[in-house]
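Should a chain be cited, it is by its letter among A, B, C, D and E, assigned in written order, with residues numbered from 1 in that chain.
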Amino acid sequence: MTRLMKYFSEGRTSGKHTLPFVVILLGVTILASAANLFLPADSALYVSTYTITLLGKYLCYAMLALAVDIIWGYCGILSLGHGAFFALGGYAMGMYLMRQIGDRGVYGNPLLPDFMVFLDWKELPWFWLGMDHFWFAMLMAVVVPGLLAFVFGWLAFRSRVTGVYLSIMTQALTYALLLAFFRNEMGFGGNNGLTDFKEILGFNLQADSTRVALFMITAILLAVIFVVSQKILSSRLGKVVLAIRDSESRSRFIGYRTDRYKVWLFVYSAVIAGIAGALYVPQVGIINPGEFSPINSIEMVIWVAVGGRGTLIGAVIGALLVNYAKTRFTAIMPDAWLFALGAMFVLVTLYLPKGLMGLYGQLQAKRKTAMNKEPQA
Amino acid sequence: MTLRRIPLRRITLRHCMALCCCLFGLFSLPSVAVESTSLDPLLADLVDAKISKMVPILDKIEKASDETVLPLFRTLLNGDLYYIKSTKQVVGQFDTNGETFYKDVFTGQANPALTKRDVKKIRVNNTLRGYLRNAIARIQLTSKKPSVRESAVRELLSKLDDDTVDILESLYPNETNKKVKQAMGLALAMNTASQTQLAVSNRIAAIDTLADSLENDVRNLLTTLSRDENPAIQSASNAALDTIAQRANRFAFVDQLFFGLSLGSVLLLASIGLAITFGVMGVINMAHGEMIMLGAYTTYVVQLIMPNYIDYSIWVAIPAAFLVSGLMGVLIERLVIRHLHGRPLETLLATFGISLILQQLVRTIFSPLNRQVSTPSWMSGSWEINPVLSLTLNRLYILAFALLVFIALVIILKKTSLGLNVRAVSQNRNMAKAMGVKTNWVDAMTFGLGSGIAGIAGVALSQLTNVGPNLGQAYIIDSFMVVVFGGVGNLLGTLVAAFTLGIATKFLEPTTGAVLAAIIVLVFIILFIQKRPKGLFPQKGRAAE
Amino acid sequence: MISINSVDQLYGGTQILWGLDLEIETGSITCIMGRNGVGKTTLLKAIMGLLPIKSGEITMKGAVLNKQSAEKRAYAGIGYVPQGRDIFPMLTVEENLRIGLPVRGKRTKDSPKEIPEKIFELFPVLKDMLHRRGGDLSGGQQQQLAIGRALVLEPSVLILDEPNEGIQPNIVKQIGDVILKLNKEEGLTVILVEQKLGFARRVGKEFRLMEKGRIVAADKMENLNDTLIKQYLAV
Amino acid sequence: MSALALNRLESTREFFRRDQVWPFLAPEQAQVNVGNQMILYVEDLNLSFDGFKALNNLNLYINDGELRCLIGANGAGKTTLMDVITGKTQCDSGTVFFGQNHNLLNKDEAEIAQLGIGRKFQKPTVFEEQTVFDNLELSLKTDKRVLPTLFSRLTPTQIDRIDEVLKTVGLAKHRFMLAGALSHGQKQWLEIGMLLAADPRLLLIDEPVAGMTAQETERTAELLTSLAGERTVIVVEHDMEFVRSIARTVTVLHQGSVLAEGTMDQIQSNKDVIEVYLGEEAAEEGKGERA
Amino acid sequence: AETIKVGVLHSLSGTMAISETTLKDTVLMMVDDQNKKGGLLGKKLEAVVVDPASNWPLFAEKGRELLTQDKVDVIFGSWTSVSRKSVLPVLEELNGLMFYPVQYEGEESSKNVFYTGAAPNQQAIPAVDYLMNDLGVERFVLAGTDYVYPRTTNKILESYLKGKGVAAKDIMINYTPFGHSDWQSIVSDVKKFGSEGKKTAVVSTINGDANIPFYKELGNQGISAEDIPVVAFSVGEEELSGLDTKPLVGHLAAWNYFQSVDTPENEAFIKAWKAYTKNPKRVTNDPMEATYIGFKMWANAVTQAGTTDVDAVEQAMIGQKTPNLTGGIAVMNKNHHLSKPVLIGEIQDNGQFEVVWETDGVVAGDAWSDFLPGSKDLISDWTAPIKCGNYNTKTKTCSGQNY
């Protein structure tokens, strides 16, 4: 029985990484923020606003990677369209920020965003109504991706669309949205998207303090989502999800309505992606249809694979690492960074089949066996 | 202004032979000794004239001579007419085997002493080109070749000025060739119909005969006539227009169908290699597009190597592209994919990395700019079935080519042991080994085959679109869509899916526009997959679960 | 024919076979028995070359097989009927059988293009199902297909891992007869893993008992007594 | 976690225990009407695959608490029948009722499983990437809807139950092993264990003793016999010895319909059965042993 | 700092690399050249190149990186409007300075950006004037890629054409997705539209990769320039270098620069470029000239201001004059747009353009179109007393300024 309890306290899906992760994440966040706000710019420890914004962006990507990992790593649903949920969340936030511009737009129109003025639109389309209220917009940032995920998932999982069929359909979904959002008629600013934001909840988006606050909020939400997801996945529901990944039909034969599990997990994941998108937009300052591009969605999957799918921490690490590498590579070797990135993907797949976390696991196992052996010898 | 056809581009099968002979004759066998001296002052004027003042001079030249002036007009039309700076004498510039040299336009006598420095180009613009075409046509009305005469008449339909009509009237009674006579009749009928001073009954009779024609010029004329003061003319014209519209619509449908088939053939070519690497082997091959790209670049390199044999370059490019992409495929398989057996999702990651590397590789080697791939002359132009229906030759060839590749592939997979072995390996690698299947070899060959076919697709695509580092990215999504829509692992499914999507898109486009059509097709696929979760041709049975 | 000398084998970190020795005589029918999970299947896979061994040596007619791939071993004359059938589910029955034809061609030198008729004589149901997908067959039919497929190879050594699983009684009997007949007429060497004593007794000439990855008893089949059975086969 | 938080969690959990908080939302008890002593009605079942009749006007009635053996030649349609009963395969025509009130043909696999019909597959299927323990936990008879599953927690009784099952199937030592690493026979046992943990009303067991040693076969026989009575068991097996040791009524399928039904002795002397299935010898053997 | 840093913000990978890599090289060449002349203010210039990888948000991030990490004094960058829109808030926040060298839809004027490419009135409007006046075109097909630049340009043109008495049914508008590659039906539609009796032309705002298949299809369906001329705003020498232009001879493009223009400045520039790229076949194009002009003006302005301080340079920029490569003098106006000549060229079989028409003098770039209802009353003037990019001449107010 004690062994059993031990198993439950440190079992496979249990959150032994959770506490260190949350501590490190929040610790780094607070330190970086303080360094940015309170240290003089010429101090050696000063963290520039550029870095803060960059970190904030990485954390959004980490959140997005979590979303992808939850359904891919744990439930085996490879979504090649998660960028769509991310972008929809982003658009909701973008619409709110756009409305906040008010009459400070280039045409000085108090009601209409600039792009509508120059397309000669006379009134706000219905789907823009209410987006000037922060909470309503934030609600939309989770409801719209969630609803899309629900409808899509409900259709697809109920019809038992699985495997590559599902993956390619998610890709088709995001691709269709990409084309649609490019159209000026859609009322989302076409290719230029939404940009030139001024303030959020009355705080100047340009101000360092606002940027730091956004960064901290992102970190906190990431921590919360991480912990909640960890809890969900280590509950029995998490086991069912793994069972579905293993053998969906067997799960049905022991009485689980797998389609419902998949739908809800998909919705959950889409909502996380939506939140990530909503946090991303004020920090990078623009949202446009490019975020729907299928390549983006594929990249997300790759972050997760690099970090190690099926572990939440792996997804986060993968997202941070790949994006950091991208930032560095594009600056160090602008002409050749794709070689480096491509090679990194290939090498990780070949030599780290379970991603970086798999490597960590192997090292752990080695250390354990080494430790176990010593006393015997 | 209406649409005229350009003789060179208008290759009806009938005309093709005749034209070739004609051109051959013009450039290499100047059979007529020309009294060019009479033209010399005019030519001197021409050399000095500003572009906007050239038409009257050309007019004089045309009047002052006969068929013998054709080479001059042609050379000018092609922008190859130069004059020697010192003497103001005109010469034609010719390119043979990459070398430029100059010939007397009339005698064809080469003038090896001239270099680029000695000559200056006589400029032409669109107005002038339009004029030249008509002039050439007028001259050709008396050509010995009936086919040349016919196209000359048709060329002139839109420019029926009094002069032309006079010439036609004088030529008409003596014309012996039925087709030419018909064309001339048409022109004269058009003239009759538009002459307001003629008797209404004559005009109506003329209009009635026009109803048989699909020529644009005729329709333009009828449209004008349908606004004629005389109600009888109006209704006759409208009736004629209706008849024409009905026929034209039928052809428009065929046209659209052809567009659909053509788009389908492109999709088929792009996805067929993937149907093997992904569909049969189960490798989520994100580098598939780059295999296509390599094929296209191979075409470019082949043309670079043999710039004087563009017409034959394709025949070298096809096997070369197959080899280049195929070998690259084998290399990738041996170095990477081989280690990922049983981990299909990881192949996505690795091949994505490979695709980035390959893209950057061509960017580094060939620059990020698009490369120019020329179309062989036998592939350019279109096959004009009638004035409203013409099929572009390159698309026609590509359609046939796609089907050929497909059939060849089916035969390879059905008739050799490779097809059976690869399926066995993909279903149970270990057991296949235990049955003596050389799995390593099979893997390499299959991946090589799929990649090689992608390379061949690249050759075809180089004829239609840009050859640049992004070429592959443009097709990868479509390719996956086609394979999945057709049903993974089913070649026939890929074929049907490609053509279905192609035709659907092309029938939607006119009403919805290209963007919405693309969206609608995507949504359709998503919904369709709900109905048939395993594509058009699903793998059925217990084992498929 | 085949000799196995102190073979060790591991799955990840756990060792399954421990210095296992086994000698298979040409023309023998050796029946390997043991409880679930003692490593019988593992042993057979190692012989077939589907699992790498950590140490030790496997030789066939004196030639060392260790480094040879499974397909080479198939060409060398080993036929394998795996536990769980492992037929190719999306191939038709005919295609399942055809897979082995190239090997057969090499081995019999008469390069037959057709599936030998005797397979259908043995398992007539396969003829009826020729164009059905392997995966659609019933369990027993699949098992018959798996045996037939191995026989196409014209092997000199036939490895059978619980070949009667899920097969109807009259065909079980028939399979026994076939094994005996091939052994007698063509000198086929047979390695058989079998749990059902009746069948093992009827067909096997030798027995080997396994426990925890080792051979713990070996003798002629007549000498398989209740003590041994109690000791090594009972739960 | 602090006591407060634990408290919170506890009360949240309490809140979501629908059976108590919202009684009207409590899962509908899968009442099976077993009037007529009959638990499974299979009538006029037809199913063909591309023209091949896998099931042909099949009629089968199973009494509540019965242990029924289903035998028949390879390809007779036994597994297919189970596929139809458990909702895996759609039939062309016919009716299948569980008790008098549950029409199984318009239910999906999960609903059928929740009604209390458990199945063991011919080829053992377990969750390979989960531990033996988790495999069993997942199979427990619990509320299997999404939210209850999310907030459910292993109770000590459930742990004991799993332990018990582990012991019964002899996998106690392998509790934390990944199921994928089990040998074939062990997987068979695990699957039987999963069936036990689910505590179903009707068990459909396809070839349970394939790959088992004689002694294990015996144990399985005992196990199945002990299950019958409270539960209804349908077993498909080709091992005649095993069938003989458990069977009361035996049904023989042939080419998709019932060829014979009766006691083991009747079956063994049935000419048709001998011809298409048993073979002279097996029949003789069996009789001999009995005699 | 001991050097003056010049940031280069052009995509070197992704879909826009095709166009933008050239501009990166142009800037590098100019920097080299300037350094050979001894740099500026006695300091060497140092180029800092980053790759925003055709990813729009990355333009903002990389822009911030250039300004805050690398502390560059000026940025040359962007091609697509969306990338400019993305980096714009960063420029305004950090008071950076950017030169944008590509023709665009207008409707913008930022204190921190100098627009050296053409505004619609420097390209589109003269082009349709030419079509109507010189070629007698009466029907127009406005074909474009489905995004803001074509949409806006077409809106402007539509309103302009209608003002000139062109009936709605004589205007056909068609949009296609980015990278559209199957032009069969559209070209065939154009052909039909063009064969209804009136002289027709296509005004193409088709962008980037889609052009090559478009022109190939035109050639194959036998639409010659005399039948239906196509005048393009996004097709230059660079794009043509990926094409066999023989079937396209006579189609048109409107730009402020063509490589073929015969002036000593241009000859020198081309020579330098070919030498710099070590490729005798490399071509030059309009955005390169725009980069060239921008760079020259910036260098002059820095010299004049004696500092690289953005505010000082910004003011010094206004009124800067630099010879165009095509002759004449480019002037930087108060609205941060240039006055430049407009040229129309016909495609030649050697991949070059032959100028067939040009404006008499230079045309001043208009930040706010006179043909859009929203911007009719707006002007931009960065000199005192207005000092505003969006100044409403009716209400006398200045809106939407972030500096």
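Everything that follows uses one rule, which is that contacts are C-beta pairs under 8 Å (C-beta built on N, C-alpha and C of every residue); 3 or more make two chains touch, one makes a residue touch a chain.
As the structure is a prediction and not an experimental result, all values here were calculated from the model.
K.L.:
Moving only from a chain to one it touches, give the least number of moves from subunit A to subunit D.
P.N.:
Minimum step count, subunit A to subunit D: 1.
K.L.:
Could you run down the chains that neighbour subunit B and subunit E together?
P.N.:
The shared contacts of subunit B and subunit E, listed by label, come to A.
K.L.:
Using only Cα atoms to place each chain's centre, name the chain farthest from subunit A.
P.N.:
Of all chains, C has its centre farthest from that of subunit A.
K.L.:
By CA centroid distance, what chain is farthest from subunit D?
P.N.:
Following the centroid criterion, the farthest chain would be E.
K.L.:
Max contacts between which two chains?
P.N.:
After tallying contacts for each pair, the winner is B-E.
K.L.:
Identify the chain whose mean C-alpha position lies nearest to the mean of all protein C-alpha atoms shown.
P.N.:
Centroid comparison flags A as closest.
K.L.:
Just give me the whole-number Å value for how far the CA centre of subunit A lies from that of subunit C.
P.N.:
The answer is 51 Å.
K.L.:
Mind checking the centre-to-centre distance between subunit D and subunit E? Centres are C-alpha means, answer in whole Å.
P.N.:
Centre-to-centre distance between subunit D and subunit E: 73 Å.
K.L.:
State, to the nearest whole Å, the distance from the C-alpha centre of subunit A to the C-alpha centre of subunit B.
P.N.:
Distance between chain centres, rounded to whole Å: 46 Å.
K.L.:
Using Cα averages as centroids, what's the distance between subunit C and subunit E in whole Å?
P.N.:
Roughly 75 Å separates the two chain centres.
K.L.:
For subunit B, jot down the residues that touch at least 2 other chains.
P.N.:
As it turns out, subunit B has residues touching two or more other chains at 359-360, 363, 473, 515, 518, 541.
K.L.:
Where in subunit E do residues touch two or more of the other chains?
P.N.:
In subunit E, 12-13, 146, 175, 177 touch at least two other chains.
K.L.:
What are the residue numbers in subunit A that touch two or more other chains?
P.N.:
179, 182-183, 249, 335, 338
K.L.:
For subunit B, which residues are in contact with subunit A within the complex?
P.N.:
Those residues of subunit B that touch subunit A are 278, 284, 286, 336, 339-340, 343, 345-350, 352-357, 359-361, 363-364, 473, 477, 480-481, 484, 488, 515, 518-519, 522-523, 525-527, 529-531, 533-535, 545.
K.L.:
Using the touch rule from the top, collect the residues of subunit A that touch subunit D in their complex.
P.N.:
Within the complex, subunit A touches subunit D at residues 1, 4, 7-8, 12, 232, 235-237, 239-240, 242-243, 245-247, 249-258, 260-261, 264.
K.L.:
Taking the complex as given, what residues does subunit E use to touch subunit A?
P.N.:
12-13, 49-53, 55-58, 60-62, 64-65, 68-69, 80-82, 85-86, 88-90, 93, 107-108, 146-148, 151-152, 155, 175, 177-178, 372-375, 378, 389-390, 392, 397, 399-400, 402
K.L.:
Contact residues on subunit D for subunit A in the complex?
P.N.:
Going through subunit D, the ones touching subunit A are 86, 88, 108-111, 113-114, 118-119, 125-131, 133-134, 137-139, 144-146, 149-154, 159, 176, 194, 198.
K.L.:
Under the definition above, what is the set of subunit B residues touching subunit C in their complex?
P.N.:
Spelled out, the residues of subunit B in touch with subunit C are 417, 420-421, 423-424, 427-428, 430-439, 489, 539, 541-544.
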